[in-house]
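Next come two complexes, and both contain subunit A; in the first it sits with subunit B, in the second with subunit C.
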Partner chain A sequence: MVKLGYFPGCSLSSTAKEYDISTRIVCEDLGIELVEIPHWVCCGATSAHITSDIAANALPAKTLIWAEKNNIPITSPCSACFSRLAIAHHTMATDEEMRKDVGEVVGEEYHGGAKVLHLARVFYETYGLEALKAKVKKPLKGLKVASYYGCLMTRPPEVCDFDRIENPMFMDKTVQALGAETVKWGYKTECCGAAFSLTKKEAVLKLTGDILSDAKECGADVIVVACPLCHANLDSRQREIERKSGKKIGLPIIYISQMIGLALGYNALDMAFKKHFVDPVKVLKEKGIL
Partner chain B sequence: MKQYLEEKNFKQGFRKDVERLSKQKISNCYQCGKCSAGCPMAFKMDYPPTMTMRLIQLGLHDEVMGSNTAWYCVSCETCTTRCPREIDIAKVMDTLKIMAQAGKYEVSDTEIPIFDWIFLKSLQYTGKVYELGLIMTYNIISLNPFKDVFPLGLQMFLKGKIALFPHFINDPVAMWEHLEMFSKIHKKQKEKIRETNG
Partner chain C sequence: MARIGVFVCHCGTNIAGVVDVKRVAEYALTLPGVKYAIDYKYMCSDPGQNAIIEAVKEHKLDRIVVTACSPRMHEGTFRKAAERSGINQYMSEMANVREHDSWVHSDDKEAATLKAMKLMEMSVAKVRRSEALSKMYATVEKRALVIGGGIAGIQAALDIAEAGHKVVIVEKDPSIGGRMAQLDKTFPTLDCSACILTPKMVAASQHPNIELRVYSEVVEVNGYVGNFDIKIKKKASSVDNKKCISCGVCTLKCPSKRAQSEFDEKIAPRKAIYTPFPQAVPNKPVIDREACTFFLTGKCRICEKVCPTQAIDFNQQDEVVTEKFGAVVLATGFDIFDSNVYGEYGYGEYKDVVTSLQFERLINSSGPTEGHVVRLSDKKEPKNLVWIQCVGSRDESKGRPYCSRVCCMYTAKQAMLMKEHYPEVNCYVFYIDIRAAGKNYEEFVQKAQNEYGVIYLRGRVSKIYEKKDKLIVRGADTLSGSQVEIVADMVVLANGLEPRKDAKSLAQLFHVSYDQYGFFTELHPKLGPVETAIAGVFVAGACQACKDIPDTVAQAGAAASKVLGLFSKEKMEVEPLIAKVDPLVCSGCETCYNVCPYSAIEMEDREVSRGNLKHVAKVLDSVCKGCGACVGACYSKAVDLKGFSERQVYDQIETVTQ
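And then the complex of A and B:
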């Protein structure tokens, strides 16, 4: 039994509800115990770290202190939350001045004892692929998947404790363990534009459009993601990109937790596919998975 | 753009301020251009990251702070990851934005500071970000109230992807501590900026 502190992040109670639903179902099935961090506050995201570096470290500090005190590793399904927690941990472990400043602001000092994991790597490393393979009830045979890592799951490498930066494979291997095929493509770690979706929409449409068309050209049936912002840009902005470029894309975007859920035998309703803009059910039915 | 280098435009203290606040050694940059080559937003920037680094080295603060470069940085960390001189370039871009918003230099963008202000206010008063409130307030302040409402917003609402009400920290003591922490953050940040020469 694996026990983890769960930091869902703000998006998972709103625009990425299906990610939260599927994560909780899948973790319960696999025997990963998720303890939601009591009274967690937002990580501050980009808005904090471009406005005040004290805020950027102080906001995640409370969560890190909780993990340190209870000696439980924490996981976040959101790449941005994961990144902010991991960067704050790294900054305070290496920068004595910042650690002191944050200690004054928060009222408690952090000593660098927390462990922060991304949910996608919990499935891959903490739980393990062999154990996952043994749990598969319905292999995802014949489904071609492009795994999209985005920016902050692997970058910067010293913070994410990760060595394959330009061509990460852990999500590909996880998907392969579920029985699906993965495609080779070039936009695995390119940026989708993230929160610029509201402020600099034109730029986001270009970046996201490039990612989608590369995945399509490389023969993918679906894209698998592990971040609510990547999902929002690739899924809900897809029709706008199609309208702008005049080309049909129609690529469903599926969360890694939903992918595992499908292999564990859960149906479309359990995985809340009705909340997606590009409906994955049609492709999955064609492949005989649903 | 044609550039004339005149002595009065140089300000060595500027480079030192950026280095001090970002804790990065900008003088290490040898202009290889890897950051600009990998930057997904370089196509929108007045100066790509490599040029910005050189401008900081030269102390040309008006060029740096007057350009849109830092405001188009999306914090993807590609430059930081690839820099052979181990400069955290994304952190430098953050620092430029922090310096601008602290009131010492020009803020050469309107959208992002407005978005961040609303985002942080939402976070300050509820502890979490209230997405619907954030989007609506941003649209109203940026004088584009119906942006993304039809059909995207409506569809999101029908799919149950939008929480109608904000989530609060459901414990009065934790909420009080959170509010107190926020006022301390503001004070501390101001102190730090004041210490620079600027």
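And then the complex of A and C:
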């Protein structure tokens, strides 16, 4: 039995509700106990860490202190939340002055005892691929998947502690364990444009467009992601990109938790696919998965 | 009572700009035994030295202290001045108030002056108990050892041998030749590397004064300048070189396919019994026991059956011999930087991303493809090639902040050769800066760009990824300020240079210092470029710092001339600063005998006074290095170090702690 502190973050209660739903269902099925961190606060992504160092570390500190006190590793399904929590932990573990300053702001001191995991890594390492394989009821045979990690899941390397920064494989291997096939492609860790979606849409359309078209060219049926912001850009901007380029892409973007859910035998309703702009149901039906 | 003279040097403003030298000299006069003290602008100048000599004569001084720079700079100068003035040269001391004081405490002049006074006072305390010592002499074994059989080692050996002295070259590979033998053409003349190297290899092998020891390594070093005792291990080659006629049948018939050729940078297989390349010197095969079917399974023995002279000897053992040498030249060369460190370039993952040395083997007509440049993945000829410079150079994030000095040049060379062989291909080079500082170097790079049409892009490559059978090279062109993407068939990494993996352990054998990367440290960056801090050990070539062939050959010649300078003397002066045992006090416990790292202590039964036969320690004068380990270890205080006696050192400690 794996017990984890769950930090859903703001996106999972709004634009990425289906990520939250599928994560909770899948974890329950697998026997991963998620304890939602009581009174969790904003991780500080983007607005805090580009304006104030102290705010960037103080906001995640509350969560880290809870994890340290209760001695439970914490996980976040959102790459930005994961990144903020992990970087704050790393900063305070290496910068004594910052740790003290944050302690003053928050009112309690953090001693560096928390463990922060990305949800995608929980399935791969904490739960383990062998255990996952044993749980598969409906192998995702014939489905070609491009695994998209985005910029924050492996970077910065000293914080994320991954062996292959440019060409990570853990999500590929997780998807393979579910019975699907993964494609070789070059945009695994490229930037999707993230929050610039709101301020510099043109840049995001270019970046996201490149990612989508490379996945398509490399023969993917779907793209698997583990970040609500990547999902938002790849999914909701897709039609606009198609209109602009005049080329049909039609690539459903599926969360890693939804992917596991499908292999565990859940249906489109359980996985809340109706929340997606690019409907995955058609492709999945064609492949005989739904 | 001692009559001491103190001479305080200004060193221009180097010392006097920080330290109040007048005060130091005045303070000296208050110390017991000091009869004379002056300060002077440059003590090391002729008038400065003459001032010392005159003062000694006029004031009947019997010992001197020079308060100046590091003894590494001028100890010899002032010892000679002491001798010229008529006192024993070991009755002089230096107090280092420049490197140890004025240069590092320029922010606090008062404290620096006080420190200078203390340092001077310590030297006065020491010199007060100095004793006259006489120089010792040692014989010089006029035989040199050169470690490494690349162009540096070959050149140094030839120069020493030509002057009439015996030289042994130890090479760990089965042939001499080194990195230069792997190269195709050389910059900036585009002449064939093998054509200029092989005559030197042959000359070395046939020279009556040169002995080649290939497939061998140095495993232990004892002794000192003029008298090194060095253990050399000859690895078992499993071939009797006396019987072998170099016919090559064994290699031809060997069925093993396990090994990859080191000489071809692992892009081609090699047999288990092999000579690394056709022009190998000596041209005798060796058996790689890790790849040999017989050594692995106990069956095969095909080479033994086909050998016409029964030269195969599976029972051969490693042999270790100890030999005497007077001087050593370290010429171990370089490795190229590990491309795997750059994950974003995908070396190892994408077959068509190759190292610069692999490219040399591909374009070399004696290489595995006979000079046809093909992709390693599908053996097709590439149409678009990209070179990435500074892979493991000038990159602090990868721990290599230094410039490797040769990559700009060999990149231009490789691109030009490619254009010469295949005029229709496109060659792109990503660079940070072009560093072509050498005779005809800049012109060479210009020629690559202007005459050969090699396209230079100023910027770094951020990432390479595979798309179908192409490599997409994405980088920045900082001159136009845009992102560029090149669809390439092949990418060549211009790897930087680093020392051989085992350079550090070799340096440790000789007690030669090395920098954080493993490059051997020369005695002085400007004035001692081929010497090391260990007398009699010299460096040549890329083991000391990144350098190209012309510089390597020049340094090898310089190292050889230093060896010859040493060999020109019949006897060599050595410092008499060694240990001495008082046999009357010695209890014969053998503690010193056990701690001595140089085996310089012998135990003997000796009549120390009439009728009193004792088991006592004895120092072998010519072996003792004066390290002082025995002095510290002796329970009965029977051992002391000449020139650094316990009383001298304790007096210094008392002075400084008062």
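Things to note:
By definition in this document, the second predicted complex is superposed on the first by the 290 of 290 C-alpha atoms of A that agree within 3 Å, B and C clash if a C-alpha of one lies under 4 Å from a C-alpha of the other, contacts with A are read in each partner's own complex, and residues count from 1 in each chain.
In this text, a contact is a pair of C-beta atoms (placed from the backbone, for glycine too) under 8 Å apart; a residue touches a chain by one contact, two chains touch by 3 or more.
Owing to the predicted nature of the structure, the values given are computational and were not obtained by experimental measurement.
Of the two partner chains, subunit C is the only one that A:C218 touches; subunit B does not reach it.
Applying the stated contact rule after C-alpha superposition, one finds that A:R164 touches subunit C and leaves subunit B untouched. Of the two partner chains placed by the overlay, only subunit B lies in contact with A:A58; subunit C stays clear of it. In the superposed model, B is the one of subunit B and subunit C that contacts more residues of subunit A. When the two complexes are overlaid on their common chain A, residue A:I50 makes contact with subunit B while staying clear of subunit C. In the overlay built on the shared chain, the residue A:L198 is in contact with subunit B alone; subunit C does not reach it. Of the two partner chains placed by superposition, only subunit C is touched by A:G186; subunit B is not. Contacts of A:S236 after superposition: subunit B is touched, whereas subunit C is not reached. In the superposition on chain A, contact of A:L262 is made with neither subunit B nor subunit C. Overlap of the subunit B and subunit C interfaces on subunit A: residues 165. Within the complex formed with subunit C, the residues of subunit A that make contact are 164-167, 184-187, 214, 217-218. Listed in rising order, the residues of subunit C touching subunit A in the complex are 343-344, 346, 349, 463, 465-467, 472. Per the touch definition, subunit A reaches subunit B in the complex via residues 10-11, 13-17, 38-39, 41-42, 44-55, 58-59, 95, 101, 104-107, 151-152, 155-157, 165, 189-191, 193-196, 198-200, 203, 207, 236, 240, 274-277. Residues of subunit B touching subunit A in their complex: 21, 23, 40-41, 44, 72, 74-78, 80-81, 88, 93-95, 97-98, 101, 111-112, 115-116, 119-120, 123, 127-129, 131-132, 135, 138, 148, 152, 155-156, 159-163, 167, 169-171, 174, 177-178, 181, 184-186, 188-189, 192.
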